[in-house]
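Think of it as A, B, C and D in the order they're written, each chain with its own count starting at 1.
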Amino acid sequence: MRIGLVGLGRMGGFMARRWLRAGHDVVGYARHAETVNSLLADGSITAAATSLQDLVGQLAAPRVLWLMVPAAAVDATLDELVPLLSRGDVIVDGGNSYYVDDLRRSATLAEAGIDYLDCGTSGGVAGLERGYCLMIGGPAEAVGRLDPIFRALAPGVVAAPRTPGRSGDPDSAENGYLHCGPSGAGHFVKMIHNGIEYGVMAAYAEGLNILKHANAGRQEREVSAEVTPLRDPALYRYEIDIPAVTEVWRRGSVVASWLLDLAAEAFLRSGDLADFEGRVSDSGEGRWTSIAAIDVGAPAPVLTTALYERFMSRGEADFADKVLSAMRLGFGGHLEPKG
Amino acid sequence: MRIGLVGLGRMGGFMARRWLRAGHDVVGYARHAETVNSLLADGSITAAATSLQDLVGQLAAPRVLWLMVPAAAVDATLDELVPLLSRGDVIVDGGNSYYVDDLRRSATLAEAGIDYLDCGTSGGVAGLERGYCLMIGGPAEAVGRLDPIFRALAPGVVAAPRTPGRSGDPDSAENGYLHCGPSGAGHFVKMIHNGIEYGVMAAYAEGLNILKHANAGRQEREVSAEVTPLRDPALYRYEIDIPAVTEVWRRGSVVASWLLDLAAEAFLRSGDLADFEGRVSDSGEGRWTSIAAIDVGAPAPVLTTALYERFMSRGEADFADKVLSAMRLGFGGHLEPKG
Amino acid sequence: MRIGLVGLGRMGGFMARRWLRAGHDVVGYARHAETVNSLLADGSITAAATSLQDLVGQLAAPRVLWLMVPAAAVDATLDELVPLLSRGDVIVDGGNSYYVDDLRRSATLAEAGIDYLDCGTSGGVAGLERGYCLMIGGPAEAVGRLDPIFRALAPGVVAAPRTPGRSGDPDSAENGYLHCGPSGAGHFVKMIHNGIEYGVMAAYAEGLNILKHANAGRQEREVSAEVTPLRDPALYRYEIDIPAVTEVWRRGSVVASWLLDLAAEAFLRSGDLADFEGRVSDSGEGRWTSIAAIDVGAPAPVLTTALYERFMSRGEADFADKVLSAMRLGFGGHLEPKG
Amino acid sequence: MRIGLVGLGRMGGFMARRWLRAGHDVVGYARHAETVNSLLADGSITAAATSLQDLVGQLAAPRVLWLMVPAAAVDATLDELVPLLSRGDVIVDGGNSYYVDDLRRSATLAEAGIDYLDCGTSGGVAGLERGYCLMIGGPAEAVGRLDPIFRALAPGVVAAPRTPGRSGDPDSAENGYLHCGPSGAGHFVKMIHNGIEYGVMAAYAEGLNILKHANAGRQEREVSAEVTPLRDPALYRYEIDIPAVTEVWRRGSVVASWLLDLAAEAFLRSGDLADFEGRVSDSGEGRWTSIAAIDVGAPAPVLTTALYERFMSRGEADFADKVLSAMRLGFGGHLEPKG
């Protein structure tokens, strides 16, 4: 099939290459002409477009347009793109849009006879080789029509051992892509995926941090009414080789995972992670997951606390901490030690 | 009654004064002679002792000894004090000992015919005027014998309106002191009291911190795949007068409390709490509360998270945060922005 | 002043009585005529209205309308009420509206020349006697004009000792009511107030629950690979008198508060709280507080976890728990014991 | 090598078979003779022992004894076993002992010239085929001597792709076993491993539970002051096929893991997990992880909350919930609806 791809960042570029490998054609457009030309030059795309109008012109109706732009840029792109399209065309938003926006957009586009699919995409920079896990929302007919396009991106059943009990022809989920439901369902499932990701990452991070502190009993501490001494310092005199621990857990253990693989790789590069400041960003999905949990009344303290830990890593609890210190001074005359 | 008081810090000194006001005698001892002499000079104690031996010598059997020393110093004090005592004497540990230590000490002292009472004491630096809330553990007979001493420290029923439904002679709990059970029960209840205190303080601190951030919509933020922009900045354009809020909540609201009174007082002195660094200490009780919760299988996520927030305020999550950043770089190519 | 009061439930009825006591007039309207007549009969209101139209007719412009209806009924009430009003009239929403709705409503009403004030009200069923803590948002001019009405509801400075450092004429906050900022600010502050309330309540509940479990060492437990036995049962053999503990903490302790007073009162009625099922409701403010925290990036794990505990009390984690059991069976062959 | 194996439950039996496959000899002993005979009959062990004395007699000094018994049974086993041993023998505790016990035991055994190794073992019932991830503590000399025994249990480097950047001969960690440090270090690392496991499992469980609730907008809810209606029910009208979602995430996604594989397998058997009651057990490691975090001052709110969720799944928050309901009745007159 022939795909019009808008947005040629790392994700877009890699996806284009997977499509070409699978025999599809990709006409690429990005705001910066150099980006487009560079991808054309290295064979990542079939043809280059100089504008959205040019892009649309190079596609025959019914067209397939795939957006791979920042979530905040989707509406502006649609404003410019939609007037150029015809009834029966389909737009796939493959980025990280909030599913609430999908609901609005799909309703608007439906009035113009254009299908809007939301496609949550996981895989990151490794997706070129590993394939992308796709979570898709929108009308079943349009999703079915684009099946070859989704299939080309997905990892395929060979990417993991089949779940015991499964046999016969692998279904779409086993191939790594899934039609999750009507409009918004794809990004909804992707949102929860990322919410889980935050929690899983926090579990590893907290656990490894305890290992880092396993030598607490070696450090001298003063005795005072303010600071609790370790009751039994002899229990905490280990110097754990954390890089080796992340490696050993990769094989045979219950906590083996791709995220652990990545941790082991990072620790191999730098055993103390000195390159990192520890100010952890968060994108929207972690926040939206918690908001959804609150809205529907599903308890998610682990996921939300994982999100809040990222806020804290950026100093956003500082004022709260000062309030605590101020109260402590009030009732106990405790003036917290400076730095 | 005549009380031998070991430890004349702020808490000990104030307690001595409350005893004298109630007609008791206090022989005081502290490691530093100046401390003792100064309290004698200002009328806080009846008589001064130059050593534990001198202290014991100034008391007639059966003696009452009250310890007001740091938890970490109790065992050393007992080692020196106990050989000087006689059967029938009683020792009260009025500090913040771990109740597990009380169990051990009381068993040892019982062999020598000496009663050991554990007395959790709340009230802080305001206790001189407000009185101290006392939570007492140990043999009922000994607790009963010392009733006048406990009563003199406690706030008395007038300190708060009687609970609707209560009438007649106020019981001990209404007067602000309670025999909680056998050895250790006093410090156990005090431990939980402080655990609750951590949770309550955290609730105020987190809530006020959200108020502090209520102007988030006024700040410019960049649009990128890394940073989620506020969906609707118009919802967060408030500049809340937090000192005034803490004051208004003191009257009529559901969250009125003594801790809130202290917050209002601190904000009156400094609206932005600039004197505080926000590195929040924790003493043992908050930790022991969570350990007890874990041991007995009682879920306490609010109390334990409040404790962990104090650890975080002191930078103890830094390594965990670096692990998160390292993983993010691994799957997403996200290099966290520096500072 | 003369106030048109819409909504005569317990809150509305009590507020009317406080206004009358302070010399104001109240024309009351409620959907059920019996409610209105009953309040007129017992002297809670000055005059009765049979419809919104009748109500408005009994007020002279510029009118003051006070709504005390469920948050979900405010918009319908406004739809009917506003067409009856004139430029210069003012409407106060004294219920628990989401501040986001205030922003929308105030903008709409401003076009009609009508001021809309949002007034968060804390005090519950005790407010008739204790007074109500008021958090007000909207244009300063309108707030100032209604000052006598707010003042009459508020507890007044005598309701609590003045904060040390305050002197001279008490300001509005000291009297128990506060203009928090432009439209929405009142309900925003009330929302955070309730969010804090959830956290404070959870802290007490968790702490008392640990006390309840303090006898865990008295119970026999089987030894197996599945259930961890208590390492030292002798540490948990207390039978704590929890009603007495809540009473003793009311005087002199750091955790004294009005919520604790209420707990002591409940325990006096029933020591084991057998009347309660423990399915805890939540109204909107607790949820909105967490959503605000997430939006502005302010970490609030204690407040949000307190909210989630309420969801869990209603069985909303059941499916999550089954997922855990299913995974445990998968890797460990652990079949969870039934009931 | 020749191994004396004490404990022939599922874990022990599987490990014996892996040793035999690798060419080692295993003399097996268990309390029930049928167990021993059955394993001998199916070729899982080389020889059967009828008592610990018989077991020791069938081994030549220096002996290797491997314990695979419940943590609570280790001390009793050692009491009986150690008098039968000679200087230079080595005992490996391959179960889930608390590392604090390892420290005590290794010190005692060292006096008798016997090496005690602690070996944390992950892999569960799948270990026979996948191999076991081993975390080992104790003297380096003894660990080195038993290298072939550990190596035979471990999965080997082929069990996962090598971490990018590693080359040459795989080290021990890459083969799936690691000497983590002196006595206790093995079980310490295993303890943290399980603590992480709790957090990771909770992340999946919470996320899937939100998906389960994604149809909340389809359910009718009453409008009242007590129950917050969904602001926008149209946002939550998805019926997500959760079994399919767990399958699709297995390939290419960031949250792929062995635990997710197990979830997918469970959902394939029963889409609604109706076989499970959702009362989730916890063994000691999750608790000990949190206690270690508290002791050393390393914040672990995600891990500890995951633990507490298991307590809650067993009804251990019921009393806390009643306290909340009682307070709500106190200030708001809210009587929680029954069931």
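Just so we're on the same page, a contact is a pair of C-beta atoms (placed from the backbone, for glycine too) under 8 Å apart; a residue touches a chain by one contact, two chains touch by 3 or more.
Keep in mind that what you see is a predicted model, and the values were worked out from it rather than measured.
Student: Between chain pairs C-D and A-C, which one is joined by a greater number of C-beta pairs in contact?
Tutor: C-D is joined by more C-beta pairs in contact.
Student: Going by more than half of the contact pairs matching by residue number, which of B-D, A-D or A-B reproduces the interface of B-C?
Tutor: Answer for the repeat of B-C: A-D.
Student: Distance-wise, how many Å sit between the C-alpha centres of chain A and chain C, to the nearest whole number?
Tutor: Each chain's C-alpha centroid was found; their separation is 38 Å.
Student: Between chain C and chain D, what distance separates the C-alpha centroids? Give it in angstrom.
Tutor: Computed from C-alpha means, the inter-chain centre distance equals 44 Å.
Student: Could you tell me which residues belong to chain C and also touch two or more other chains?
Tutor: Residues 124, 202, 204, 206, 208-209, 212-213, 231, 254, 258-259, 265, 287, 293, 295, 297-301, 305, 309, 312, 316-317, 320, 331 of chain C touch two or more partner chains.
Student: Within their complex, state which residues of chain B touch chain D.
Tutor: Residue positions touching the partner: 254, 287, 290-291, 293-295, 297-301, 304-305, 307-309, 311-312, 314, 316-317, 320, 331.
Student: Which chain A residues qualify as touching chain B in the complex?
Tutor: 10, 70-73, 96, 98, 124-126, 201-202, 204-206, 208-209, 212-213, 223-229, 231, 258-259, 262-263, 265-267, 273, 276-284, 287, 301, 305, 309-310, 312-313, 316-334, 336-339
Student: Can you list the chain B residues touching chain C in their complex?
Tutor: 99-100, 103, 122-124, 127, 130-135, 154-157, 159-161, 163-166, 171-178, 180-182, 184-185, 188-189, 192-200, 202-204, 206-214, 216, 230-231, 234-236, 238-241, 244-245, 247-261, 264-265, 268-269, 289, 292-293, 295-303, 305-306, 309
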